[in-house]
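If you scroll down you'll find the structure; I have some questions about it.
By written order: A, B, C and D. Residues from 1 in each chain.
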Amino acid sequence: MNAGIPIQFFLILATLMFFVGVYGFLSRRNLITILMSLELVLNSVNINFMAFNRYLFPHKMEGMFFSLFIIAVVAAEAAVAIAIILNIYRRFTTINVEDVDEMKY
Amino acid sequence: MIANQIMFFLLSAMIIVFSVLTVTSRKILRAAVYLLLVLVSTSGLYFMLNYQFLAAIQLTLYAGGIVVLIIFSILLTSHISQKFEPTGWKKSLLSALASAAGAILAITTILDFKFGASREAAMEVDMHAIGKSLLSLDYDGYILPFEVISILLLAAMIAGIVIAKKGGPADQESQNLKQ
Amino acid sequence: MNILTFFVVIPVLTITGIILVKDIKRVKLVASIGMGLQLLLAALLVVLYIMQRRAGNTEEMLFIKDFVWFKSLNIHFALGVDGISVAMIALTSVVVFAGVFASWEMAFLTKEFFVSLILLATGVFGFFISIDLFTMFLFYELAVIPMYLLIGVWGSGPKEYSAMKLTLMLMGASAILFVGILGIYFHSAPDGEPLTFNILRISNYVIPIQAQRVFFPMTFVGFGVLGALFPFHTWSPDGHSSAPTAVSMLHAGVLMKLGGYGAFRVAIFLMPEAAKEMSWIFIILTSISVIYGAFGAMVQKDLKYINAYSSVSHCGLVLFAILMMNKTAMTGAVLQMISHGLMTALFFALIGMIYGRTHTRLINEMGGLMKIIPFLSVCYVIAGLASLGLPGLSGFVAEMTIFVGAFQHPDLFHRITTIIAITSIVITAVYILRVIAILLLGPSRDNQYEHMNDAKWYEKISTVILIACVAAIGLAPFWLSSMIGTSMQPVIDKILAVNPF
Amino acid sequence: MINFTYTVWILIIPFIMFIFLGLAGHKIGPKLSGLLGTGALAVITALSYITAYKYFFATPKAGDVFKAILAANTTWLQFTDKLHIDIGVLVDPISVMMLIVVTTVSFMVHIYSTGYMKGEKGYERYFAFLSLFSFSMLGLVVAPNIFQMYIFWELVGVSSYLLIGFYYEKPSAVAASKKAFIVTRFADLGFLIGILLLSFHTKTFDFITLTDPSGPAIAQAGGASFLGLSVITWSMIFVYLGGAGKSAMFPFHIWLPDAMEGPTPVSALIHAATMVVAGVYLVARMFPVYSLAAPVALKVVAYVGGFSSLFAAIIACTQTDIKRVLAYSTISQIGYMMLALGVSGYGGHEGLGYMASMFHLFTHALFKALLFLGAGAIIHAVHTNLMTEMGGLRKYLPITHLTFLIACLTIAGIPPFSGFFSKDEILAAAFQSNKILFAVEYAVAGLTAFYMFRLYFNIFWGKETQYQHTPHEAPFSMTIPLIILALGAVFAGWIPFNKLVTSDGQAFESSIEWGVAIPSILIGVLGIFVAMVMYRKENNIPERLAATFKNTYKLAYHKFYIDEFYLFVTKKIIFRYISEPIAWFDRHIIDGTMNSIATVTQVVSFRIRKFQSGQLQQYAFVFISGAVLLAVLMIYIWYW
């Protein structure tokens, strides 16, 4: 089903998605949006894995399993991150990342 | 232009457009919905690459689970109607520059690199094969990471509960601060 | 089990014991028993050592024991002693034992105090028994770290400042030293053979002279800072004046000797060619130390400052003698280390006791103490006389050995610097007698001091044991000097073999 | 050969006594302490006399020569194969003579002290110190090598320090003791350097080897030279510095008058009879080296001695504290001895000066101890040191008066007292070799007679003074030593020193040179006469004289301002311009450098801590930009 589509297309797509995520991570103030940006970043990595697996090592399943595990880890990460965000919200009554700077010098 | 190419470009366009919307939208709930759309489009890509299992996982776990989780947390912490203040132009510009630089670097590198095509016969990734190697103790088996991930998930679950629980250590401390 | 391992095991057991017991009295009891055992052990070691030598054992190091520790880097826990380290161990055990009794009145966080103190002692003992550079360095650090706590927590005056200064300067020196040690390590064997940290092994191999030129100054300065080498001595006055009694005793009495011993055992012994080549720089620095410290002590008003500067002067003499690189002078250096260790510990113990009574250390505020606290005053006079090199006390033996040895050097430069160093004996007399005259003699200056008590039993133990050692060495120096001298012989042979004068 | 091993007990007994009295003195009480100390001294005095008898009369001489016998020797500290400090006992003519002097005077002083110090606080301590002093002085005397001498040299220094500062609550005593120690210590520095130089070139400390006329030291004479003088000369000059310090020769004399702050018996023992002549003894010990290898050094000895004797005699004429007069007189007399050594040659009749010096040392010890003990008895009776507050004491203190008179006649060189004989030999020796010094000595002889009788007349005659309570004669424990010493002062002149104590151990013939002696007697008598005119009856001649020579008098009265000069050097120059700047330099420059390194570190870290802003996105931005930058670097710069 991927005939006629060079691997570079997938990679460029993933790259763009990755850096859009990075942009979000750097520019948004809301912690939850930041989390969402992170999801984008991780997702782009998954795309890379899948593309590499399909194009370069079609006889193996490593890429797929990696993605699988990444998805599991992302789930765990999201759960914990959201718990932390809720806690921060209770503590500071805000989830603006610029207001949470207790850990400075 | 054949169908799968059209399909690919359609999906790509969706992914990129919705990604950008996700990180620029000033209403958070909308951002979550855009994220959902991105994830769904991604699973479409997986289908295209013939990884049905993973596509399904992507749909259920990612699009179904995580996005719902995010939406819940949004509801707990923000007002739906709330609009963000726009990001400061300085900050967006810097972030955009950094991201663009990274993107350009990565893309030029990708374009420079010659990927050799594989000569091996493609493997049929059916549920049987996945299940077998996931539970296999062989060289190619994934039983150990599988178990580790299960424990990780359990730990994350417990951690999520403990951290978010009302009256946890942080909460007591903040009460102490108030006093 | 090797007798030397006990020197590390007993302090560790003592620390455990101190942690386990409950009240302060028992803490002190455990500490004194532990250190008493250590003293006995040191005595036993001396006897065993002499017996072995009598029996004709001519190996360079005795009681050698070697445990592999980190195989990949060839780090060993290697133990071994010769006459020099035996003497240093004996000194340490005496000073630590006296130190425990000198801090008998420590009331604040007693348990933690004794734990840190004995931890420090563990480091010192470990340093002297090691013949592996890495373990040596490890124990060296172990001895320096508790010093920070001991001064910072239990000190007086600007204690945080002093503790920080002392620790930072010594740590800075350690950093340089560690580079030096690694430098030795990476040149410790000819091509193809495994690298080693073992001193004896390294000494059989000539380190390339280019490497020596780089690493000799590093090692020497690294150890020299602890030995109060001019101009890196300024931690000493501040550190000593802020430290609690027992810590000053241990620090000036023993820890500063680590510097001299290390400079001798590592810098000179392993890199004699570079030492020969570069010694003139350090000879100038050390002879400045000797004179400069003595002049500095002359105008100080704080008892501990006086003693700290005097330590700079005396320890400068140690390094000076080591650099002369002949048997007599180096024997003298070891003797001076022991002698200075004992008498300076005695000084600090007495200063602590006097301070405990008068609550001041400024000599101008006291006076006529001889009449009020005769025991302590007489001890102070004896310490002073030892310090100015009175025959019959240890200082004379050490200084004369150094001077005679240094003066036998065929080089005119060395003899002239020796004469410069000798003038310190007059300056020493001036500042010692000045203190004695102001502090102890004359009429009592302030009648609030009239009703002080003389020494308590534990203070007497502490001072008497130190005085006994000082006098014993002073009256019968022959055995000690020959024990050190015999062990010095192989060292000298090695130095001469590669680079005859 | 007679065995002299027992002589080690001469050292061991007082040492044990010092330790015992020092540790247990306050337990056993003053009476027993005094008794024990004196008893110990009695034993070693007896031993010394036996030794002297055996050495001089019972030991067969090797050819005509008194051989030096090494009675005991053990290595105390090994330096190198050749250099080692031995502790031992050397028996030879001068050491035996010194044994006699030291033990006799010390024994007398012990007896005297039991009376003089009665009731003093620290009585036990006093006897402990006396034992320490006896031990160290005897050790010095019998030293078979120069390093043992140095050891005991330091020990006598410290016992002198302890005894001068015996009244440690008196600030002047404390200052005096400190001064004595530091001045002699400074001189000892020269001694030590001399020893080191000597040992470097001869590779030995041993006196027998060193002084062997054909030994290495003397053979080195023509060796390496420095500033035009041979190394041996330099080392002997340095050694002499030590001797000059201990013997209070100019310019190291300043400590001796102040040392009179100590108890008077101590002054008699240490600062008149024994310790201060250690310098003379040292030069005599090394005499063959001086004479044969370092004549220039010997000349220095002679001139310094001559100058000191004149200088001190002039000052003595103006002082009013009787102990200070005696102290200056001591300096003057020691100058005599030094001069005699300095003008002496080596061997046979050439060595007349050497013999004369030893002879004078011997007689001087007796009469000077007598003078001091007499002064002690006077002070004991009237409780003052100043002769201006005394007068007419002859009625109250008959024994003291008589013995004091004998001593004064002896020191003035009036026959037939012992001082006459020894002084005559010195003058004869000086006459033979150096006329300038000879003239100086004549002047000194006259001055000596004058100031001694000035003292005598002022104390015992002069104005009738009202005392607070009538002075009374001292107890027997004090007068008996006076009488014994007076007898010694009278008869010691008949001892045939030219047969016993000579530069090369051989006897030679010498007789009184009347051509030299008669003028000296006349000068002495003249001095006495002048003193009698001026001071026997109260009159105003002294004031008028003082007014006439106002400046000279003032100069002499203030001891030529030498003390002030020293004070200036030490207080102003050393303390203010050396020590204090060094202390300042250390605290501000060196320590300041260390502190500023720390400050710079701190300032920098305060600056860079702003990077740790707590802004998560800032970190992420830096991280990502950095990663991109590194990637660019890696890809486009390193590999292209």
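We take it that a residue touches a chain if its C-beta (ideal position, glycine included) is under 8 Å from a C-beta of that chain, and two chains touch if they have at least 3 such contacts.
The shown structure was predicted, so the numbers you read here are calculated from the model rather than taken from an experiment.
The chain with its C-alpha centre at the largest distance from the centre of chain C is B.
If you compare A-D with C-D, the chain pair joined by more contacting C-beta pairs is C-D. Distance from the chain B centre to the chain C centre is 65 Å, each centre being the mean of its Cα atoms. Chain centres here are Cα means. That of chain A falls 95 Å from that of chain D.
Mean C-alpha positions place chain C and chain D at a centre distance of 36 Å. Between chain B and chain D, the centres computed from C-alpha atoms are 99 Å apart.
For chain A, the set of residues touching two or more other chains reads 22, 26-27. With touch defined as above, residues shared between interfaces to two or more other chains in chain B number as follows: 91, 94-95, 98-99, 102.
Interface note: chains touch in the pairs A-B, A-D, B-D, C-D. Those residues of chain B that touch chain A in the shared complex are 2, 4-5, 8, 12, 15-16, 19-20, 22-24, 28, 31-32, 35, 38-39, 42, 45-51, 53-54, 57-58, 61-62, 65-66, 69-70, 72-74, 76-78, 84, 87, 91-92, 94-96, 98-100, 102-103, 106-107, 110-111, 115-118, 120-123, 125, 129-130, 133-134, 140, 142, 145, 149, 152-153, 155-157, 159-164, 166, 168, 170-171, 174. Here chain C touches chain D in the complex through residues 165, 168-169, 231, 233-235, 237-238, 292, 295-296, 298-300, 327-328, 368, 370-371, 385, 388-392, 396-397, 400-401, 403-405, 407-408, 415, 418-419, 422-423, 425-426, 429-430, 433-434, 437, 440-443, 477-478, 481-482, 485, going by the rule given at the top. By the touch rule above, chain B contacts chain D in their complex via residues 91, 94-95, 98-99, 101-102, 105, 109.
Partner chain B is touched in their complex by these residues of chain A: 1-5, 7-13, 15-24, 26-30, 32-33, 35-37, 39-40, 43, 46-47, 50-51, 54-61, 64-65, 67-69, 71-80, 82-87, 89-91, 95.
For chain D in complex with chain B, the residues that touch the partner chain are 617, 621, 624-625, 627-628, 631-632, 635.
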